[in-house]
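In what comes next, chain A is part of two complexes: it sits with chain B in the first one and with chain C in the second one.
Moving on, here comes the complex of A and B:
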């Protein structure tokens, strides 16, 4: 009886969650119909969705498996380049690869095949990289993966590979999607897949490894295999988000994927809460909205009231990084801690508030009577 | 002989870059030895030293601006530790590392704000920037000074660590943090001293480094910082002579690779070396073997 009740309750909450998601998508569709497409709102939403995906993929590693990896930008680069290289239309190749006689690849793949291939290439590289580096301890792993990202960037900028990668020149003219819904759908599906993974037996094994490697090994978890799995899957999704980023920007260049990009993603994960998927999503929209939109006014030199020119280009980023430092120092759990944002949780909280309010009212009433 | 003649400029440049990396690497290796923390902000402190020098040189004579730069950089290093690492002393290691990354992000953005993202031209310091000729190779005098100055500073540092009270305290703290505390060592002041020494060497390194380069940009600290860290790992983290040897080796190899014409890979090489070292010799050349207890 009890079981059945909780089952029904869970079903109810699941329905509410689905309704919430549906409402979100409808809201975006409506916004797209109403607001002019050049609005900064869509830039924030698209970029936010892309960063949400890569932040969740990083969280899978850092938050759920306890592997402190800083290679995300490198895997995004692989994804972005794979997508771009295989989808530039044949007619445009001559123009894009103008310094390399039209490049070496003379076929194109359908967009969705290329998108998945982008993830697969990143995953393949992650697998190969993971073989040597994954047995390293925390900070060594961080620096080794950071190093790999740098190596990948150097290789992609190398002239000799220019017939494929176009050297250090831009890749452009590949098919892109303008609709915000597309980015939300793809990254939503990917995040849902990651969530399913986290809630599976593999996910539990990952968490066991995070909490205590030795104990996990003693419980019969194959450390090497699970770490490898987590690393490869995380990179797969980083690759896909790289491809999405390529679409969003319409041009792509290797020099953009510096370690600073990984740092930004890491900070998103930290702000959202290490070990919280929804936290990463919320944080990435907040992060992008603050850095691209809400704090823009800080860069506007015309708004200065004081005689000293405090507001000028760059001030936004200073304020932004100070806020991040404050979060890192004093609010280490981030927005969500290890918890997940859920409609059920909010309803529970509201009920709690209601009850507390009622108690308070009763108390007042009693006190009033006593007087 | 001819081959040597052709390669001499690269080897000279390599030794010089190596010396500069060595000065940065010591900061990394000492901090890691004590706090077990990769101080990601160290490369940015190095960059900040460059910017301070540029602005100081604008309004004061050379002989004032060099000490001024060094003092300000030391203060910056001290402040970084107090602000970003001290509050997290008991926090998990991952939080401290994230704090270090956040600090590095903050310093870079501050530099971006003050410079406007433009390349600031580094002043030509008379005498050390003069061109000289060694065995037919033309180079700057700083190239020749660097290795000697580096070795001098390192010897002084090693003496300090081995023969003074604060040096002994440092060694004790790096051996065992908690026991050292129980023995009455003031941990905070030892850690601060470590950061002060590290920043001092980074400031000297930055003056030498940027004399060879056209200027300073906000992100210029990242690469030398990472390379210096690799040098520290290569030498066995926590070991000062190891870091110096590693740095010279990386500096020379990198410049030879540039000389061969594979400039793109000069950065990548460093990381290949790092991964190779970590795979086959995880404790570096002079590192102590660590066993993990459950």
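Moving on, here comes the complex of A and C:
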């Protein structure tokens, strides 16, 4: 009886969550129809969606499996390049690969095939790298994966491989999507897949490895296999987000996938809460909005509000760093901690508020009576 | 040999120059409760770690239900360093990882509690069911394994009911009192469907009341789950009360074996525990 009631309740919450998602998508569609497409709002939304995906994929590895890896930028680069290389139209190749005689690849793939291939290439590399490095622990794994990302970047800039990668020159003219809805849909589907995985029996095994590796192995969980799985899957989605980033930017260059990019993603994961998918998503939009939009006015040297002129290009980064320090100081486990943002959670909180309010009212009443 | 559930043959475990377990041979028969005792640092937990695959022995072999599960001989730098006996008797190298051994049917608990701290009581046991899965990562992600998932959950609930943990199933495992955490560790080990249960100091840190309860509890699970129990323990009341046979280790070597009465009257055991005095001689 009780089970049935909670079951119905859960179904109801699920419906509300779906409705919330649908409302979000409709809101974006409406925004796209109303607001001019050059608005910074869409830049933030698109980039936010892309970073949300890569942050969640990093969270799968760092937050849910306990593997501290810093190779995310490298896998994004693989995804971005795979997508770009295989989709540049034949007619444009002569122009793009102008220093390499039109390049070595003379065929194109459909956009969605290339998108999936971007993920698969990243996953393949992750698998191969995972074989030697995944038995390393914490910091050592971080250093090894960081090193890999840097090596990949250097190799892609190598002009001997220019017939494929175009050396250190830009890749451009590949098909892109301008609609914000596209980025939200792809990123949403990928995050949903990661969520499904995390809540499956494999996700539970990942969490067991994170909590106590020795116990997990003693309880029959094959450590090497499960770590490899988590690493490969995480990289698959990093590859997809790399392809999305390529579409968003319309041009791509290996030199932009520096380790600083990985740290940005790591920052999002930490601010959102290590081990919280919704935390990563929320933090991603906040991070992008802060760094690209909300703090922009601080760079405006003409806007003088203080006696000494402290507003100048670059000042926004100073304020941004302070904001991040404050967040880390006051939310030591990130915005969401290890919790997820859920309808049931909000209702519980609201109920708590209501109760507190009622108690307060009762208290006042009592005091009034006593007087 | 077939009646032995577990058999360790001439197991020597050497770390660098330190011989932690020296030429240990022992047998555990089906349905027995066997204890391994000895002063601190005698090598008891190391012996457990050899059986469960955490360490590969430096020399020697382990059999489980007559199957050869572990064997090793001094290799690499150990060739030179090896200080034990029986060199050359073993020539194979079989070194499974702990998860493989658990799948064969040997489950263990730990000396210091090692529960998965962020998980509830229920999921702690449910995760242990993961290794008996038939689903792969795709069927699990796309929820095509509903039947198996349901079965796992039902089995977990049933196990928790039998062990008296069902009322606290949704609590975080770290919020349980110490005695229950120990019990949960045993529950988690049982969830892997073992035929041999290794308990590493199950009564550590328990008061006499809890220890007495544990004694009954171990007997009960042995009978209910048709187990063979092999345990390390320091509480002599518990050991003498429950054990069918006892092995005594000191400085890595076996110094005595036998029934509780025999062990209680064994002068070597007494001297190992209390030190030698002139009066005894």
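Here is the rule we go by: the second predicted complex is superposed on the first by the 362 of 371 C-alpha atoms of A that agree within 3 Å, B and C clash if a C-alpha of one lies under 4 Å from a C-alpha of the other, contacts with A are read in each partner's own complex, and residues count from 1 in each chain.
The rule we apply is simple: contacts are C-beta pairs under 8 Å (C-beta built on N, C-alpha and C of every residue); 3 or more make two chains touch, one makes a residue touch a chain.
Quantities reported herein were computed from a predicted structural model and do not represent experimental measurements.
Model built by superposing both complexes on chain A: chain B and chain C fit together without a clash. Between the C-alpha centres of chain B and chain C, as viewed from that of chain A, the superposed structures give an angle of 80°, to the nearest 10. Of the two partner chains, chain C is the only one touched by A:221; chain B is not.
Residue contacts after overlaying the shared chain place A:68 against chain B, while chain C stays out of touching range.
When the two complexes are overlaid on their common chain A, residue A:317 makes contact with chain B while staying clear of chain C. Once chain A of one complex is fitted onto chain A of the other, the partner contacts of A:140 are limited to chain B, with no touch recorded for chain C. Contacts of A:331 after superposition: neither chain B nor chain C is touched. By the touch criterion defined above, A:7 reaches neither chain B nor chain C. With both structures placed on the common chain, the touch criterion links A:99 to neither chain B nor chain C. Closest CA pair between chain B and chain C after superposition: 8 Å apart.
Taken together, the two complexes place residues 214 of chain A in contact with chain B and also with chain C.
Note for the complex: chain A touches chain C at residues 193, 196-197, 200-202, 204-205, 207-208, 210-212, 214-224, 229, 233, 275, 338.
On the side of chain C, the complex with chain A involves touching residues 52, 54, 97-99, 102-103, 107-108, 110, 114-119, 123, 126-133, 135, 137, 140-143, 145, 149, 152, 188-189, 191-192. For chain B in complex with chain A, the residues that touch the partner chain are 36-38, 83-84, 87-88, 91, 93-95, 97-99, 101-106, 108-110, 112-114, 116-117, 219, 222, 226, 229-230, 233, 264-265, 267-268, 270-272, 274-275, 278-279, 282, 294. The part of chain A that touches chain B in the complex is made up of residues 62, 68, 132-133, 136, 138-140, 142-144, 146-148, 150-151, 154-155, 157-159, 214, 258-260, 263-264, 266-267, 270, 274, 312-315, 317-318, 320-322, 324-325, 328-330, 332.
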